[in-house]
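By written order: A, B and C. Residues from 1 in each chain.
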Amino acid sequence: MRKQKELIGLLALRISILFVVISFLAILIFISIKGFKVLNIGFLLEVPKDGMTKGGIFPAIIGTLYLSIGTIIFALPLGVLSAIYLIEYAKHKGLIKTIRIGVDALAGVPSVVFGLFGLAVFVKLFNFGVSILSGALTLGIMILPVIIKASEEAILAVPQEFKEASFAVGATKWQTITKIVLPTALPGIITGTILGIGRAAGETAPILFTAVTFYQRLLPHSIFDEVMALPYHIYALMTEGTASEYQVPIAYGTAVVLLGLVMSINFIAILIRIRGRRAKKW
Amino acid sequence: MKKNFIERLLPIFALLTWVFLFGIMLILFIEGTPIFKSVPLFRFIFGRHWYPVHEPPEFGILPLICGSLMVTAGALIIAIPFGLGCAIYLSEIANRAVREIIKPFIEMLAGVPSVVYGFFGMVLLAPFIQRIFHLSIGLTAFTASVILGVMALPTVASIAEDAISSVPKALREASFALGANQWETITRVVVPAAKSGIFASVILGIGRAIGETMTVLMVAGCCAVITPNFFKPVRPMTATIAAEMGEAPMGSMHYHALFAIGLVLFLITIGLSLIAEHFKER
Amino acid sequence: MVNHKIITKNLDLWYGDSPCLKNINISIPENAVTAIMGPSGCGKSTLLRVFNRLNDLIDGTRITGKVLLDEQDIYKDIKDIFHLRKKVGMVFQKVNPFPKTIFENVAYGLKIHGWKDKTKIEKKVHDSIIDVGLWDEVKDCLHKNAFSLSGGQQQRLCIARAIAIEPEVVLFDEPCSALDPISTAKIEQLIEELKQKYTIIIVTHNLQQAARVSDYTAFMLLGDLIEFSETNQMFTTPKDKRTENYLTGKFG
């Protein structure tokens, strides 16, 4: 009786794992099979044509690239500096805890709320308009917690001995941080950053009212231009327009590109983490 | 010790997360509360009709709240058992090699962009559900719940796993020493010992599901009606904001109402974060 | 007449509320090796880290009394503690090269102290590595990661890193406790050579090591300095009963 209960219980646990693996593979395989049918060089490098029913998704790829780069330029320094403060400088326990609670709370804010904030502040108040800049700032605030947490963890893992050795030759705290701590923590920070990019590249709701447009023939040439973006493109193809028999295949193609992009980004992050752990000799 | 310029600015960077949190709240207040001049708070929250473009318009968000609660509840039915199952399996049963393979799957599942989930729901799951349940339309609360469940699963799994694997080994050994088998040890010793962390994981899973936008926008249908029937379309709060912000003229009642919904969402998720924080503390 | 490099006067140190060093008066002779011995937890490392103010990193440390380096109070007169640490180098118990190349490890201190000229830096790195007797072993792999060296080589690299910036005093905190006997012998020999140029203070648990390498020995117990004298004298005729007990293995 006890034995049977155990067998059933452990089986249930295995089923959960199976559920995860199957769900992931189902999405990946289904979208890949359908998506690769429309995928070719032209699809990647051409602009959309004939009211979205033909052509490629080049501007959306570029738009997503620009948005991700902008996001990182904004969020990476802020995140790393916050983490440095939390780990190396902040003394007061209560203050540290308060900041951490803020980070967690920010991480829990729904993406569409960031979109509202971006709309009211960057688009309207600062008058950046619907633009790469507004979108990148909005996304940047959203992924800030990801970067702070990853950097904190990485900085915390730098052995105290390294810091002491650096102080002992006369380095200042700031020199020690920039020359010893950050380089040592770099793999962890990069992993976090990459995960942040993956998140930013895949998000739709925050850029819905702040950065994207459905259709654009020319590529953006300034940060005040609006852009197309892969995730929004999928949404728009599925919900706008009338020629769904032409649009859905393009959506499959776009989905496979986006999924491929985000999955490779995640995969690289995981690889760097595993490699970093192996290479660690201290 | 003299501090350089950047070092002196560090606390400001670290406090930026709070600045953003307050900024978001402030903006939502400023842009959201004007709606209460024409629609009293009570009627806004408990009004049963959301007809923003009727003449005269009605702004009752009860159907939207119900929509959010329905899909979230449905999602939890999937995310909690499977998420906890994965967490327990990873921490209690899997050996290192298995863990190194399975964990990336969970992380990758978390990394799939929500618009891709939504797309997958639209093109595969919705038609499938429509067929097997003989529905007139496949975009229902049930469909959204299934997808949201898979999306919230990684959140539950990863936080619960942290909690479970931090249960001291001695506790398990004590249980085994008394002759308990593995299942009994898990259910009577390990899980109870980790229960506050597990609770936190569930709360954060709720936050993830309730704040999700693109998926529900794409697969929940879009009827702002109150229904107990999971096989009917519903319209959660997030989807309403995302779908209607583009059409709401700036400064109109509709615009303010959408920000007010954002405020409700924000307060709910902040509340959930704080509750989770409280349980993580234990 | 010996010249005293470091002199402490009525030095007390607390970690928070617990006293760790009690009324230490010691005069460290110049260009000699001074060993500090004592049972675990008696405050040896703490005393060592007073001399380069590394204890400042630990919150809640409080110090009273005077610590003079060349007649200057390092807690009052020397405003720039980084300048102090240029004069007082340190080698740690836990072998701790940076996760950088061998070259970069030694060059680190130089760059910190403003060296810019590449050829000068190269020359100095070269000389320092020669001084610690590591050159033949690493000359072909200067740009490999320092962690590719053996433990003993790493520790000599750490010594090279410390002496590259030409300190006047070098502090060694149990430098051999993690090393094999051969590496230990090499480091002891190195310390012997280094005392020509530097004032050396070494914390050690190993009585034989203290006897072998040091000219003077201090014996500490529970934060008190019990006895300080020439090594020969202490090992043959200890003045204090407690020192004698320690040397004959009755405790510690």
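The rule is simple: a residue touches a chain if its C-beta (ideal position, glycine included) is under 8 Å from a C-beta of that chain, and two chains touch if they have at least 3 such contacts.
Computed from a predicted structure; not experimentally measured.
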Open item on the list: Top contact pair of chains, counted by C-beta pairs?
Closed with: A-B
Task: Chain with minimal offset from the mean of all protein Cα atoms - done: A
Open item on the list: Please identify the chain with the largest separation between its CA centroid and the CA centroid of chain C.
Closed with: B
Open item on the list: From the mean C-alpha coordinate of chain A to that of chain B, what's the distance rounded to whole Å?
Closed with: 18
TODO: Between chain B and chain C, tell me the centre distance in angstrom, where each centre is the average of that chain's C-alpha atoms.
DONE: 56
- [ ] Starting from the mean Cα coordinates of chain A and chain C, work out the distance between those two points in Å.
- [x] 48
Task: chain A: positions in contact with at least two other chains - done: 172
Open item on the list: Could you pull out the residues of chain B that touch at least 2 other chains?
Closed with: 1
Open item on the list: Could you list, by residue number, the parts of chain B that touch chain A in their complex?
Closed with: 1, 3-4, 6-7, 9-11, 13-18, 20-21, 23-24, 27-28, 30-31, 81-86, 88-89, 93, 100, 102, 104-109, 111-120, 122-124, 150, 153, 157, 181-184, 186-187, 204, 207, 210-214, 217-218, 238, 241-242, 245-246, 250, 258-259, 262, 265-266, 269-270, 272-274, 276-277
- [ ] Report the residues of chain A in contact with chain C in the complex, numbered from low to high.
- [x] 91, 159, 161-172, 175, 179-180, 183-184, 281-282
Open item on the list: Could you list, by residue number, the parts of chain A that touch chain B in their complex?
Closed with: 2-3, 5-6, 9-10, 12-17, 19-21, 23-24, 27, 30-31, 34, 78, 81-82, 84-86, 89-90, 98-99, 101-117, 119-121, 124, 141, 144-145, 148, 172-174, 195, 198-199, 201-205, 208-209, 231-232, 234-235, 238-239, 248, 251-252, 255, 258-259, 262-263, 265-267, 270, 274
- [ ] Enumerate the contact residues on chain C facing chain A in the complex.
- [x] 52, 54, 57, 59, 82-86, 89-90, 92, 94, 96-100, 108-109, 111-113, 145, 147, 158, 161-162, 165
